[in-house]
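Next come two complexes built around chain A: one with chain B, the other with chain C.
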Partner chain A sequence: MKANPENSFQEATARIVRILSLLDALAGAGVTPSSSRGLHELAFLANVLAPVFDLPPMDAVLLKRKSGPYYPALQQTIDRLVGQGIVEVLNPYYELDEADQRCRMVASYRLCREVATPALARYRVLFESEARFIDELAAAYSALSDQDQGHTVLSDARYADASVDDNNVIDFGQWVSIDKNFSRNAAMAFAPGYNLLPAERLYLYIDHLQQRVAHG
Partner chain B sequence: MVYFPILKELEIRDYGLYPGEQRDGRFGIKFNAGLTMIIGANGLGKTTLMTLVFRMVAGTYDLNLPSEIGTANLDAQELNPIARRQFADRVNDGAQNAYATLKFDVGSVEFIVERNLVNLSLHSLSVGSQVRSVNEKAYHDAILEASGFGVYADWLLILRTLVFFFEDRRALVWDPGAQRQLLRCLFLSPERAQEWTQKERSILELDSRMRNLQAAVRKEQKIRAKSVKRLSNESEVRAALDAAEKSKEHLDTRYDELAVFVESDDEDRLKHRLNVMRAQNEHDRSIREFERARLFAIEAHLPQVDASMRFLFTRLMSDNTCLACGSSGVNAKRKALESAIEQHRCLVCDSNLPYRDETIIDIGDKRIAELRSEVESTHVYLQQQTSLFEEINARYKANSQEFTECSAERSYLQDTIRNLINQLPQDERKALEQQDKLQGIEDLVTDLRTQLNKERAQFAESLKSDLETIQSSAEVIKQQFKVASMGFLFEDSGLSWSPNRRTVGQAGGMEPVEYPAFVVELSGSDFVGLQQRSSPSQVSESQREFIDLAFRMALIEVASPEHASTLAVDAPESSLDAVFVDKAAQVLGGFAKSAHGNRLILTSNLGASELVPQLLMEVAPIGQRLEPLVDLFSAGVPTRAMIESKVSYDKYWDQLKKKVNGESES
Partner chain C sequence: MVDKTQNLGAWNKDRDALERMPLSGRGSDADAPDSVRFCRTVYQMVGRRERQQDVEYDRAAAFVLTDHAWMDAVPEEAYREPLLHTGHYPLTGRIHFLNASGKGKSLEYFGGNAKLFDNLTNLRVTSHPTLVYSPKLGDSTLSWYPNGIGDEDNRELLLIAKERPSVELITDVITRAYEVHLITPDQMIEENKLWVDSSRGLVQKNAEKRVQSALKLALIGAFRHCSIREEQPGKNGRTDLEIVEDQDRPHDKIVHHAVLELKVLRELGSTGNKFTENDIAKHIREGLEQASSYGDGRSFNDRMLCCFDMRPNNLGEDIVFRTIKKAASKLCVHLRHWFIYRSSKHMRTCSIQKKLKATNG
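This part shows the complex of A and B:
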């Protein structure tokens, strides 16, 4: 949404790095190939939970959809990475997403290691704390069952907030105070009085999501 | 839970405008469950009759409703003597012996109200079969007890904005002030609803006091500057003070302007951010649809090729983008691929392929063309919306930046002015004394501003829980609205819960609070997907009327579920496009036929539109279709037009009767 070409370039690069790091971290946690739905869900969690690690979210805003988070720009970037041979797409097909009444691409993705590894190695040096956050998040996320992956965020404190209607903007930091990031608030509220590590908060929060999905 | 009035019976005696069918001065209407249709011609008193019914329920108090409703205006005010004589002034005898009696229920309590039509004063009052003292206060108390509203002004608000739909009706759904006040009194407990009003009012009073005082300070500053000028010698200090005063004055004006700009720009950029994100979503949807169609064809031609490669070809043929190198607009390559598929050649090496007994999607078909056109149009739309958003966001940033700078500069200048005054010679004691006094007022303004901030913060906090309470009904309101609006309109439509950020009061530089609000969303031939329509000018006149009516029906249904209500609409056909008639009749008929016993009261001119016969046919079986009619031609005083055009009016009557009774017109 920004006109400045320099910003656009930075954003595009950040998205590429984010996808590669998510796929890499998921693979490290044993989730490979990764489903498109799970990837968008994890991208959302990475945004809302980044402040737990004192990191800024990459996107503090998205359009709420009934069937869960979906970032059109992120999907475009994945497509592009597929075209460049950096990411491999497996079994792509399209299904009608009845909740949102639209066609949704369903596919699994994995990194083409020989192409992606040098870039990822550089990333891990330059953005060490971010890489650690993504690794921890993916590890916590991998504890979810295959069935729950891709369907958990519908119970997320920010995503499920009923004050934002479907097809409206969820903002958790772009133009509103960080107080509106209820997911981060929930993660920070665990074990009051105890000095938990940020990674522990991620595990507790993802576990909490799993409980909510399991028990409605 | 609140209860709306359910009208049952009206009797008017000895009022010149309605002598009655027997011409004995008695005119009555039974408001049975379902439809009551008051039919007349211009000048026969349809609107007067509707107003009279309203007045019988509202009594001698009313609200002063400006173009946008705010809390400060929501006081029940006694009608002035002229307004109280509104019915008396319409007849020769001043309605000296005229009375009207209205029987209606509120919840399970029956009211029988009798008023004289000279000045609308109560003549008798019975509540739940018990005779009550004849004064408006007793009537108000009984109404509040039966209806569940906390203050009489709220009762008047729902009568004026929800139950009665007069010709000068306000577009409720597009009036954020009216909306939030209605949501407040319909969905909060009477105590919470009152607390909201009191807190908001206190802030507005404080805000007004602070701004008045601030204006007074500015005026005094100017006077002081003049007196200092008289006393002091021409000096560098004098010149600097003069310049600083002028700059400060200019900055004060600019500061006030910018506060308004920043608030309205913020609202605008929120709306346009949403538009961009929706446009991105729609564009992505259209690309995926197109890809899907393409992938079928590619899979059929390249069954052995891996998924990534097939996807690459699919994308190239969908939006002319090469995912391998990132180039866009590769039209020639796309056409070559299309041709290869059509001619059954390999997409990679162009060799002829053996015939395969499979159904291959014909990529040249109409659907493909539609999908391609959709991809292009959503792309254009996305670009337009992005550019609009960028423009508005840039404006917001510039104004916001200037506002911050202006604020800092004002403080700096204020200090400079004080310093300069302190440098003036001692014999300017008078000016200095004045300065001391002024300083006292300035301190008071600062205190008031602090108090205002504190009260605003407390109000914002209490509003959060009110917002949640109201929001718990939002889903049902949206569903009810959708049912009604889809019945009325051809377009896709819906309500979206979209809390409205607004600063309470006019003093700038304060954090806005979030008020409950819905916005209307509608599809349209020139738009991609559902679009927010934030003002009535963004829809047609027919749509406007019925969207608003749908909103009222939804609020009535949800605020008082399982209970009957009255909806009284004056001239609903006034802006009705002929093609809407069937739909309008069905939805209005549905309200009238509700199992709860709703009352739908409409007025209409004879022959004005097809709505009258359609609605009569909708609500009653053949043979009983004329029963809902209240015929002002026979019960009212004939106008000159009626006398001179009797033949024409008789013809319209005849046509109406034949039509509703299913007889063909000859």
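This part shows the complex of A and C:
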């Protein structure tokens, strides 16, 4: 089946916006430059936790890898943004991912503010709720140490669920019911009987994720 | 309502832990403006630090509210302390560049208070909103410079010592919010406009919700150690506003300071539908019953019925609450009344009439 070029363009644009917003939000929380592993991990958390803010996930499926979430299309977008001078790359090198037996580029990234600022300003006006969600999520995520960032999602309610084996697809809303989004379900399980703001649930979720990582 | 059957995937065995997890308060003020949130975040961070045994009272610290772009330009020596909010890490002798939720980087400085201010000047952050922490055992303060330390005249002193949100303090906070945001149509910002048409006395259908939003922000700014929660469900219904001390506490140790039931008294609805005196009296009594039963439900220390009167004439608190005063006293519900004027002219006229009445004895 031929891909619809209009949809492809929209998806590509959405990925660019997502990368810029993640890097901006991480910078706002002091995580600058941001590691590639951390970026992919945060992209995953943004997908599974978006429904807490009543937002749709950008991607509701991904391939489960032993080493943690990795979005090839998102990485291509980052590489393109680096080529266009919108994102700056620092200390790039290739690392053998022993779990997956393949090489991955590892690097840190930060925005080239003079180029990215107008686009980000427009994004914050057009997608106010999404921007707020990404900001809160990045702030909550920044409570993780540099060492933990990029490695915590292996303990995530959805990612770590044993019903999906490595190298199989995790689906939390693309073809299956949203009830299969266990991360969202867990975020909604805090403090029953209290009407918490969505942002508060993100902080609690990351706190619990951190505890799970700390206690194995 | 929480669905206990929801699959939590890899966290299924953690269900009890999730349900019992103490609230941290982080994110509970996400709907407040950045400056208000920043002050609360830093206030709570300092409070947590001062509750630690190894707390330092040696040197001052500065907390600079920093935007995303500036964070990219923070000096290279600045470091990230991911758990700064926990109070387990030193705050003094440092300049902290933080966002509204207290995340960012810290930079050590050497020398006394003068050096701190020199550093802020050299770093070109004299126009960034800043809190300066002066630690002193039992008497610490935060100096709030909303326009940065460059504008010394615009400074507010915040005491770290907790103040219990008493009925008097809550009333003062509401009165300030009323005077700034609600008293006349000119004072009301778009989101909080209570009138559909003030000249005809038509009141917004969701006026109570709008009052609730305005008061919530005021209370968030005033009681920095408390969470201000709205629409909390209970077996008797949903509360309008609650002032609780729930941060870092197990759920059974939460201090329930006050529950506020809000009522807007109106003669005409948004489409001109009329409310009779009887309707209004019923509405007030319902508010009293709600404040009392919500207060009992969660053992609140104080229960308040706050009425915002949008009728043509200000009858005064005594007359408005005449029929429920005794019951309120028995039920330990505090009654408060604020009158919303239809225009600045209406307010002036009422004020003159009141003065003349007082002079005539």
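As a working rule, the second predicted complex is superposed on the first by the 214 of 216 C-alpha atoms of A that agree within 3 Å, B and C clash if a C-alpha of one lies under 4 Å from a C-alpha of the other, contacts with A are read in each partner's own complex, and residues count from 1 in each chain.
FYI, a residue touches a chain if its C-beta (ideal position, glycine included) is under 8 Å from a C-beta of that chain, and two chains touch if they have at least 3 such contacts.
Because the structure is a prediction, the values reported are computed rather than measured.
Novice: After aligning the two structures on chain A, examine chain B and chain C and state clash or fit.
Specialist: fit
Novice: Where does A:K180 make contact in the superposed view: on chain B (first), on chain C (second), on both, or on neither?
Specialist: In the superposition, A:K180 touches chain C alone.
Novice: A:Y94 contacts which: chain B (first), chain C (second), both, neither?
Specialist: first
Novice: For the superposed three-chain arrangement, provide the angle chain B-chain A-chain C between C-alpha centres, rounded in steps of 10 degrees.
Specialist: If I round to tens, I get 130 degrees.
Novice: For A:A29, select first, second, both or neither according to whether it touches chain B, chain C, the two together, or no partner.
Specialist: A:A29: touches chain C, not chain B.
Novice: For A:Q75, is the partner it touches chain B (first), chain C (second), both, or none of the two (neither)?
Specialist: A:Q75: touches chain B, not chain C.
Novice: If you stack the two complexes on chain A, which partner ends up touching A:C103: first (chain B), second (chain C), both, or neither?
Specialist: A:C103: touches chain B, not chain C.
Novice: Examine A:V125 and indicate which partner it touches, taking first as chain B and second as chain C; both and neither are also allowed.
Specialist: neither
Novice: With both structures fitted on chain A, tell me whether chain B or chain C touches more of chain A's residues.
Specialist: Of the two chains, more chain A residues are contacted by C.
Novice: When the two complexes are placed on top of each other via chain A, what is the minimal CA separation of chain B and chain C in Å?
Specialist: Superposed model gives a least chain B-chain C C-alpha distance of 10 Å.
Novice: Name the residues of chain A shared by its contacts with chain B and its contacts with chain C.
Specialist: Shared contact residues on chain A (touching chain B in one complex, chain C in the other): 162-163.
Novice: Flag every residue of chain A that touches chain B in the complex, lowest number first.
Specialist: Counting only chain A, the residues touching chain B are 1-3, 61-63, 65, 72-73, 75-76, 79-80, 82-85, 88-94, 102-105, 107, 162-165, 167-169, 175.
Novice: Any idea which chain C residues touch chain A in the complex?
Specialist: Its residues touching chain A are 2, 6-11, 14-15, 17-19, 21, 23-28, 30-31, 67-69, 71-72, 74, 80, 82-83, 85, 97-99, 101, 103-105, 229-234, 238, 251.
Novice: Across the complex, what residues on chain A touch chain C?
Specialist: My answer: residues 24-25, 27-32, 110-111, 113, 117, 132, 136, 139-140, 142-146, 155-163, 179-180, 182-183, 185-186, 188-204, 207-208, 212.
Novice: Which residues of chain B touch chain A in the complex?
Specialist: Those in contact with chain A are residues 266, 269-270, 273-274, 276-278, 280-281, 283-285, 288-289, 291-292, 295, 307-308, 310-312, 315, 322-326, 386, 389-390, 393-394, 467-468, 471, 474-475, 478, 496-499, 521, 530.
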